[in-house]
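Provided herewith is a single structure, encoded as structure tokens, for subsequent inquiry.
In order of appearance the chains are A, B, C and D, and numbering begins at 1 in each one.
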Amino acid sequence: MLSGDKLQNLNVLAAQWVAPTIDYHGLAPELVVAGGLCLVLILDLFMDERKKWLLSVISSFTLLAAMIPVLTLALSDVQVRSMFDGRYVVDNFSLVMKGLFLLSGYVVILLSSSHVEEGEYWRGEYWFLLLSSLLGMLMMTSSRDLVSIFVALEFLSIPAYMLAAWRKRDTKSNEAGVKYFMLGVFASAVMLYGMSLLYGVTNSTLLVDIAAQVTGTGEFSAVHALAVVFVVVGFAFKVSAVPFHTWAPDTYEGAPAPVTAFLSVASKAAGFVAIVVLVYTAFPLAQDIWQPFFWVLSALTMTVGNILALKQHNIVRMIAYSSISQGGFVLMPLAVAGMSGSANSALRSVVLYMIIYATTNLGVFAVILAVSRKTRSGEISSFGGLFSYAPALGVMMTLFMASLAGIPPLGGWIAKFVAFQSLLSSQSSWAYALAIIGAVNSVIAFGYYGNVMREIWMRPVPDGDITQIKIPGSLALALGITSVATLVFGIFPAVGLHFADLAEIAGALSR
Amino acid sequence: MNLLASESEVLAPLASGWFLEHAWLIPVIPAIAFALIILIGKRLPMKGSELGVLSMLSSLVFALGAGYQWIQRTNSATEEQFVAPVIKSWSWWRSGGFDFGIGQHIDGLSILVLIVVAFISTLVQIYSLEYLRGDRRYTHFFAALTLFSGGMLAMVLADNMILFLLGWEIMGLCSFMLIGHWWEEDANSRAALKAFFTVRIGDVGLLVGISMLYFAANDWTQENLELSGFSIRGISAWALSGEPNSTVIMIAAVALFIACIGKSGQFPLHTWLPDAMAGPTPVSSLLHSSTMVVAGVYLVARLYPVFYVGLDIPGGGGNLIVIIGGITIVISAALAFVQNDIKRVLAYSTVSQLGYMMLGLGAGAWLPAVFHIFTHAFFKACLFLGAGSISHSASHHSFDMKRDMGGLRKVMPLTFTTWIISTLALCGVFPFSGFFSKDEIIDNVGYNGYNLFMIIGLVGAFMTAAYMTRATYLTFFGEPRGASAGHADHGDTHDTHDSHNSHASHDAHSSHNAHDVEQSHGPHESGLLITVPLMILSVLAFSSGFLNATPFGESWERMKLWVEPRSVEVVEETHSGGPGESLIITLPIAKEGQSKSVCGSAQPETGICYAPQLNHAPFKWLKAMMSMAIVFLGIAISWILSTLLFTKSDPRLVGLTQRVKILGLGHKLLVNKYYLDVLYEKVIVRSIAYPVARAAYWFNQNILDGLLHGLANSTRRISGWVYKNVDQLVVDGTVNNSATLTKSLGTAAQPTQSGKLSQYAALLFSAAAVAALVLVIINT
Amino acid sequence: MNMLQENNWLLSVGTFLPMVGVVLMMLMPKAQDQSVKLVALITSIATLAVGIYTAFKFDFDQAEKMQFVANEKWISVIKSSYLIGVDGISLPLYLLSMVITLLVVIYSLDHVPSPGKPKAFFSLLLVLQTGMAGTFIAQDLILFFVFFELVLLPMFFMIGVWGGEQRQYASIKFFLYTMFGSALMLVAFLALFFKTGAESFSIPYLIENGGSIGKNLQIWIFAGMFVGFAVKVPMFPFHTWLPDAHTQAPTQGSVILAAVLLKLGTYGFVRIALPILPSAAREWAPYIGGLAVIGIIYGALGCLAQTDMKRLIAFSSVAHMGFVMLGISTLTSFGINAAMFGMVAHGLITGMLFFVAGSVKERYHTLEISKISGMLTQMPHLGWIFGFCTMASLGLPGLAGFWGEFPAILSAYNPGAGLNETVFRVFMVIAALGTVLAAAYLLWLYQRIAFGTPKNSGHDSHSTHDELHDVTTYEWVAWTPLLIGILVLGIVPNLLFSVFDPAVQVTLSAFGG
Amino acid sequence: MFVNQFLLLGAILFCIGVYGVVARKNAVLMLMSIEIILNSVNINLLTFALRNGSTDGHVFALYIIAVAAAEVGVGLGLVLLVYRNKKTISIDDLSEMRG
């Protein structure tokens, strides 16, 4: 029961409230997307069935349009735009990540369009949900406050739950949705508990304020540890780090392929964004807490992901596990990000890895979609002899697989290389240990990537029919973009590294 | 370098000449000829054989020219002057500070052997023109012969060990090709393989020896002579300089001698030589009697200082070389008794003669040994060619004395005469060449204090005389048998020599068409192309001995003058290399008998010494008579026995070996060649080729390769999850072993992915809780 | 190390020209196999032409210096640059890779192994060529690593698609082995990078500063590199991929594998591991030497146990590379010269042997030694060529093989400073015995295959006699250069030694000469 | 100060919720347990806000309530979907995909 003066106090606080100034240029990308999704929602109501393919066009153009302000922001000489006294920040990091989200979202739409056209789907809602989830991601990149981070997280998750369960008649799809939802909500609940503790010990939800107070030592350090772990768990779930990965395989397998692509790339990336932002701006002094945590997470993630992936027969499920273990490589440098000198390289490596991983993985899904149009099967064996009747697809899949396996001169290798580099730059014995684990894992990984290549090149066609595969234009476009990007990132790593290098988080405590 | 540019007061300038300067052409010619034969030989009228013969002739001319000029050179020198070898060398290749030269090292020894090789090769090639006419691989045969001569000549005049090794190996290759000339028959190719392989084993010694000598000597030679440690001259000088560490040089000498054992068919590696008789007869007479097999002996003579110091030859008593030589003499001579194949008799006799040479070298009788190379070449070549001539024209290409020969003296008078001359020479009967060399060896061996081995030598002489008499008797006396009696058809000769010497049947079918004519009428004398070389050789077999006829006093000892290097110290003017420009510092000549002379193994005060001080036994007629007596005794006994045994078939002797146990055992032992082959082939080779290699391979497949397999298996049993996958994984062997391991781990991890939502949630939260707990504990 | 910069475009052209050919082929419609072959042929010829031009431009008087050095920005963020150049060590191998590729292409013109797909086949060949050439010119660790890995995939597919019965197993095995090695190698590279102050990946820079690293650390870093290179060589415990890969690979694959790919490992030792980490190299040398001689004997014994001709040759590679590694392990310029020579010689000889094996397989439809006999009567030319290679391979003086083998043995007699002489002398004797075994298995092989009378029973019932034709024109064209090379290098070894020597001297300057 | 009791309450609720999520097989019950956790969070936030005398906690709590509503909406929708297809809401029957 509140005593009177406390209430008075609150009233006073309320009275002093002044409306914040809003930098519309800074918010432009989000606004564009928001407008786009409203447009889609409304048009969906009035548009007749035959014209609904326009919705995909509209939403794709929305994303491209949203790229424009991102570029202008990048070019504008204002380096950091801070709103709501620092709760919502537009810095290089967020711009790079926004670009990544928008483009991967664009590719996902390209993947989806043909897929969604076939089969009785509620198209309008599909695009609407996709866009809103993307909007949540855009927000995530700029959020610098526990509240906004939480909102952004739910904003990008809830539509994703529905997308996962998209095939309403398909029990697998339902199962995927329910599992994803239940665990997701549970994880975010745990995270929220952690956040509440954070708020309690620091009396602020603003990350920068938290940063000053949360340390691995001193008063309340136990609470700090608890809080940090719980918060991180919430996002470790998003990036499906072992042992919080359990939802990923089932969901990926059950959800429609384009959605899986979206989940495995964009929402995973969003999780990493949140982790990076928290680590760099909220817990910079608490590295004693999160470094060991990330060490274990990363080691477990890459190892378990790999050895489970070896067992899979379903291509999507295999990719799910592979993306889990890839996540382990992304986490790798974070295990030393607290050490002097390796903070920047760790950030760079995470961003670069996300960029390259996104391109490659989207490419993989593009190929899977294209092939499954003919084979109607998710089995790895259905790729048998692909090279003999669809050489182009075969070569592309080989490229993507090799890139994921980290074989030069394809994108994957530079990502892995930079990860190793920033890990070892700390020169601590823990780092070397983790590096060895990573090296061994990168070999094991070839076990299943190579398996796919083997199917494509060295195995006979399972059902012997070698009819050509008709690839719709959008899919072809997606394939083109991703494969070219994969090659370019590999052969001219400077390109990818340029963006990765730009990404600095404003307000991050630089060591 | 120009050797004539010698300014020295004391010293008369040494004569030289074009042939000496350009001796390196001698091996080059055959090499070129070989290339030509390979390339265009088939198109030539005589299938390339003419190229071979011509090249050999020209080499011979060059060699003789060089020999003549060498003699002039020695004559131009003063009595005690060191006659410098004519050395030219060019840098061949350079690597890591090492300089590998190529060049010639011409002195008496190399000239002598050059002439022998060139001469015999020429004759043999001429002989082969007839002998192999119509052979399937006529051209290849001549190509190989020519290449062989090239290699041998190159080895002989090599100025450094690398070139020496090169020639050495090329000879090995050619012997492989020539023994296996009729490779359709398995036996021949196996004999070829055996020969190459056995020699190759010895070559390990050569490699090791060369390396050791190089590294031991290089610094010294570079410093004092500006020569690389490979240069023969440098090594010799170094060996005598008293520098070398005794164990190093000893090991090096032993290593080198192992190579000689292999090449010169000394005990215990002699077994390849008799089998090598599978080759065509000209090959046997050229490679395996007169030239190639003496390469080992030549190596010892060439690097004599190394052996001299390393094995302490002047010490007397006994050393590795004499022991091996002595053993070889006796055992091979004994083996020669039980052979029915005439070529094998000769082969074993060759082995034992080589034993004599080794014996001589080992006992410090350098000159007689080298001289024996010279004489032996002629009479042994002659004997082989004679055997060839017999099989060629009389016995339908069979070499079996007991079955297909006998009484041939009437039908082939020429062959018979030459054979007898050479045999006498081989036995060392007085005026014949063998006497002057072999008797000298025995004499000097004794004189240098190796009395035991002198006795062995005499025994050997006795046995030699005996088995040669037996062979002669079987071949030329008694009644004609088998093919030589004219009533032999080919089917007969084919199955006669099934087991050990099936080459005969190959003589047959290889030159089949050429001999259909001769099969019609019986044995007859061979054509001129065969007999002329025989006659030339027999003349030399008789006369060559007089070149160093010690009995007739100093003036006859030409060889000593021409060939033996003089062991005086040479003061090198190191800035201008080459001993041609060398000063004599007059020293008291070391007295006879004191082996630690100034040029012995003791460190000379000044200057450098290239050859050890050797002693020469003064010739005594008494000793000569004694050995003569022994020889004649051998001839007589053997003659009587042979007559009784083979012609009269005296009951007391026939089947004696069956009746008397001891003799039977001995006979058995000999027939089985002391079971050495059994030891080598059945025991050693088998044990390597089969079990060991199998074991290694098994190790490879099951241990190394299967290591990860094993790991995977064990993990699987422990976890017991996926034993059913094993078959799949192994059967479709696509999954890498380590992947198998990790896969089974994956299976072990799968239950975490149960698909049960509540379990997922439990895992999620418990993980978070545990992490939090641990970190809380850590951080407080 | 001072460098010569002029016409530094040469190397890049020579390296990436094949990729142009690949692109051209990709653009072609599927059907036209002939034009595909034509493009491949022209490309490889052009590449070799560039290579030869490079050799002409190469200043042999300064063979110890890096020449045609190009240094472009590549990945400035991680301090890695596009730094290429050749010196006396790289040039011969660089050319070797080009020659071999051309010959393989020629050979393949009428020997495209089943299942056809010439387009893919030739593209992979050319990609391989780029990878191999690039590895030999790269002077930056990262660049080196990229090229080093670039050869993996093409070879993986070449074995896996065009290989024999067990091809898929062999290919995956090959790949995982090599990748395992290179993963550790990468970690080692990175450790090296940071321990030298995180300045640069360029090899010359690291050679200058690598020595400053503490000894124990060096040893660990060296261990990483060792695994990476030793798998490629392959040295004794890591060799088990080789027999499978060789046996299963198509002829062309085996030839390239033997002739060039194995050299990447030994080249790595000479170029990177030794000069950058001298003191670690000294510590490791005895073990390397030991493994090398084990490899020599072991490979020979493995050969003796084989019944399959190709597998035998594969095992002989283990033995021969053992000699190369022995030479390297002596850490003397002489030994390393020998090793370099051995690499080239082994490339020519074993490559040739695999060609022969391929032709035998094609004619007899089997490689079982016991089933082939009397080749000399059926196909005299092939038989003689085979004999020639056999002799060269067993190290007959006067042929190329000898100059790799004998000096290696010789050099082991006194190894570089700080190495235990007795140990290495023991190695020397063992290695010398190895030459005997080499003679044993090779002659044994030759005797049983070439000599004797042809067996026309059973196995070649389906190989009619017109199939047993002698060497064809394509084969002659593809083989003659190799045969000539073997002979010429045997007679004039200085051709190579004079090129290697200065560069090797410089490489060893880290060891104080 | 009576803050601790509230925090304790929050903690207890959190544990109950977690237990419910882990132990309940009924989807709706799971949803409710999650709601309990969220409420425990709210209690925490409010308590802290009160203790620290700042309004952020209230704002956060409001957001959580709003979002929770949305979540429950979606969650029940999904459960309904499952029930329509499988005629059950026991989440243990949702294990088609595993391994």
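A few remarks follow.
Throughout what follows, a contact is a pair of C-beta atoms (placed from the backbone, for glycine too) under 8 Å apart; a residue touches a chain by one contact, two chains touch by 3 or more.
Every value quoted in this text rests on a predicted model; they were computed, and no experiment measured them.
Summarising the inter-chain layout, the chain whose CA centre lies farthest from the centre of chain B is D.
More inter-chain C-beta contacts link the pair B-C than the other of A-B and B-C.
Here C is the chain whose Cα centre lies closest to the centre of all protein Cα atoms.
The distance from the centre of chain A to the centre of chain B, with each centre set as the mean of the Cα atoms, comes to 78 Å.
Centroids of chain C and chain D (each the mean of its C-alpha atoms) stand 65 Å apart. Annotation: 36 Å between the Cα-based centres of chain B and chain C.
Per-chain Cα centroids separate chain A from chain C by 44 Å. The set of chain A residues touching two or more other chains comprises 178-179, 182, 186, 190, 249-250, 311, 447, 454. Counting partners per residue, chain B has 734-736, 738-739, 750, 753, 755, 757, 761, 765 as the residues that reach two or more other chains.
The multi-chain contact residues of chain D, meaning those touching 2 or more other chains, are 18, 21, 30, 91, 94-99.
Pairwise, the chains that make contact are A-B, A-C, A-D, B-C, B-D. On the side of chain C, the complex with chain A involves touching residues 30, 73-78, 120, 142, 145-147, 149-150, 152-153, 156-157, 160-161, 167-168, 171-172, 175-176, 179-180, 183-184, 186-187, 190-191, 193-195, 198.
Residues of chain A that touch chain D in their complex: 2, 6, 9-10, 13-14, 146-147, 150-151, 154, 158, 161-162, 165, 168-169, 171-172, 174-179, 181-182, 185-186, 189-190, 192-193, 195-197, 199-200, 203-205, 249-250, 253-254, 311, 317. Listed in rising order, the residues of chain A touching chain C in the complex are 348, 387, 391, 398, 402, 407-409, 413-414, 417-418, 420-421, 424-425, 427, 432, 435-436, 439-440, 442-443, 446-447, 450, 453-454, 457-458, 493-494, 497-498, 500-501.
Note for the complex: chain B touches chain C at residues 91-98, 165-166, 168-170, 173, 176, 180, 183-184, 186, 189-190, 192-193, 196-197, 200-201, 203-204, 207-208, 210-212, 214-215, 688-689, 692-694, 696-697, 700, 704-705, 733-736, 738-739. On chain C, the positions that touch chain B within their shared complex are 166, 168-169, 172-173, 176, 237, 240, 298, 301-306, 332-338, 341, 374, 376-377, 391, 396-398, 402-403, 406-407, 409-411, 413-414, 428-429, 432-433, 435-437, 439-440, 443-444, 447, 450-453, 492-494, 497-498, 500-501, 504-505.
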